[in-house]
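Chain nomenclature is as follows: A, B and C, assigned in order of appearance, with residue numbering initiated at 1 for each chain independently.
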């Protein structure tokens, strides 16, 4: 915020700035009356506008809380009455519409989200950090501009188009190159989500590297270090908080991605880790938390409570999906919080 | 420091030493590797986008844009989806732009540096990071059910508006903070109130940045699918060919992003060029708008009068 | 530049306000009727063709078609959000009761066509026929068949892996429900099947994957796949899904395509359903690869 001195505050307070001295000489009671009216109007409209501005400023908090509130509200009955932590989080059996045996275990879904995110980060992080270094340090001004524009355009591609690319282009490619039985799997989704996360990681990593104080760089140069040595021994350690934040935000993006994974993972309730080599089966199809909500929300009916306060069994599916929404919201909230704190950490230095 | 011939090395006191030459070589290697890695991401991107546009070429005609889907959506065009997306974007902009700009003004001009405002900044960052499907859940819970709008363009565009709010807030904040403080101090010295200063000096000088934010909002709003899937987008709805105002806010509409999803996954027998054509139109419009935003930003930077 | 920008912004604001106001105006001067329709993905393309054709006959009526699966349509009907729900499975009694409770009207069922749930395999797959029990062993939880060799089918010589790649549907699909009820006897599906969102995806994936098996409406047949003949039990004749086999009842997996309305339909909705049941509407059923009806409402 921009501070004002006390004198200026006094001058501007309650007057709307249209002071008597600045008005042209007016004669007669009527024009004086209108003058007063105009000043009143100005000060009132200014006050309304300022209160509107304050309201909008707070709106961001209202909306974040609103999101949490409404999602929680719809999922709360599940949380209260039916949540058995062990069976919800630890069981891989997700059968919410079973006729005989309804089960709500999200372990396989968590594994799905986790595996796609891991692969996406393995793809994205090395390349993003390398690009950030290249753009920040090894480029001429013109090349820098071009590359930054290209990365920004990469960020603009909507997720449904990425899903389309994974479905139509990567699918047959993967089958041809790896002989997998199906081209919609962790590998496909991992590459797509990785490419989607690149712009975020690059831009924040670049900012972090730029934020390293010039004095550090000058000192290194005075000691005879080359650019590469400076990068390795000075910039990376100094910017490591920012780089960590960049990666965390990339992870947040990957976890929250919906449409691309819906179209590219093969959508199968399956845990891709087991004791058979190669232990992490990236050619397996999985299902993520986000895709589960997207594919099942339309069908789950929102049923009201029965007179005795409990809910009919069919209502549980809808509430369980909102429960998954709460889990997702919690995960991304924590990731964003940690990233934010890490970034604040470097600014304070 | 350029490398010199070894023969002259002994005579030239400024010649690089063995260690220096090794360091320079390492640096060159590093630069090349990093450059290659950067290329490795960007080249497939260019190839993929090029592939989409090339495969889409047979379908990209004026008819494709203005005609409605026919024959089970296997022929004809994408007009209903296109105009639907326009509706959604315009309505969401009507809500997101004023709220976002004013929130940005608050954050940069009025907020004191206390814990409350730090929480607000945190909230903005978090709003940006919420997964799109959670926004969809919120839209269903708040607008479709609680506010009683039902599945409609209204509910869908409000959901999109909240999703894209952080983009405008951040862009406004940056644009405002770029206006130098002396401008404001000069106004205060003349007796202007804070709002007058903003209205007459600060805002006009940051319009470029704000416009960039708005254009970026349009890009995001046009591309989103998950939030509108459950709040107002529909598989098919008949619309007159070339009709500019076919929907009313309480109806559902077709949307380009959702249309791409359904014809890729649910409609059999769609000719490949139509699939690619729809993707190309969506991608093309978004990339075009984004480029406009970038150009506006560059122009603003060059024209700064301070 | 700010002057020009100001002008542009003013113009945009005016235009968008005009759009908004005219949009609201349209709502009040409603001479356009809207029929809302959502549900079964199996029927969604059929419903869309109906909507398209009906538009030509009655330009004043606009039919909104949504998909999502039979579950979605039924759910929307239960909450009074749509007027017609498309379903490829029956509404459960609990769903009908819930609809009555929410809207005060009892759902009425209309048979608008017939469909056969076909089992597809890749056209290079040597398998010719399967029994319902064998299908259950492949798809159901606890079923023991995971590899083609267990069924004495040699697929590895054709270059595919031996694993049976199960393609299924997501649980909002009526086809999913139907298959579970009639083939798996209401046991749950084995985890690890690829659950596709649409009938078309299933067939496409089977067409691209040699070791795959999937079930979908018979209207989604393509060049790259072939039907598996189904026998009710071991020893009985296996039949292929076709119009005659469905009509004679020989094909075990035949089902009705249903539309549900809340109570007796009136006005535009009634006319639409009447048209669907008329020869004109039924001709579209046949063109889309399904089997037309001869009669109308079933109680």
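The rule we apply is simple: a residue touches a chain if its C-beta (ideal position, glycine included) is under 8 Å from a C-beta of that chain, and two chains touch if they have at least 3 such contacts.
Since the structure is predicted, the reported quantities are computational estimates derived from the model, not experimental observations.
Chains joined by the most contact pairs: A-B. The chain with its Cα centroid farthest from the Cα centroid of subunit B is C. For the pair subunit A and subunit B, the distance between C-alpha centroids works out to 14 Å. Rounded to a whole number, the gap between the C-alpha centres of subunit B and subunit C is 35 angstrom.
Looking at subunit C, residues 196-197 sit in touch with two or more other chains. Among the residues of subunit B, those in touch with two or more other chains are 265.
Touching two or more other chains at once are residues 298, 302 of subunit A.
Listing the residues of subunit C that touch subunit B in their complex gives 1-2, 5-6, 9, 16, 19-20, 22-24, 26-27, 34, 36, 38, 41, 44-45, 47-49, 51-52, 55, 62-67, 81, 196-201, 203, 220, 222, 288. Taken together, the subunit B residues at the contact with subunit C in this complex read 70-73, 87, 90-91, 93-94, 150-151, 204-205, 207-208, 211, 234-238, 245, 247-252, 262, 265-268, 299-300, 303. Within the complex formed with subunit A, the subunit B residues making contact are 20, 23-24, 26-27, 30-31, 33-35, 37-38, 40-42, 44-45, 48-49, 51-52, 98-100, 102-103, 105-113, 117, 119-120, 122-127, 129-138, 140-142, 145-146, 162, 165-166, 169, 181, 184, 188-189, 191-196, 219, 222-226, 229-230, 257-258, 260-261, 264-265, 275-276, 279, 282-283, 286-287, 290-291, 294.
Residue ranges of subunit A in contact with subunit C, taken from their complex: 92-101, 108, 171-172, 175, 181-184, 262, 266-270, 285, 287, 295-296, 298-304, 312, 314.
By the touch criterion given at the top, residues 68-69, 71-72, 74-75, 78-79, 94-95, 98, 102, 160-161, 163, 165, 170-172, 177, 180-181, 186-189, 191-197, 205, 208-212 of subunit C touch subunit A in their complex.
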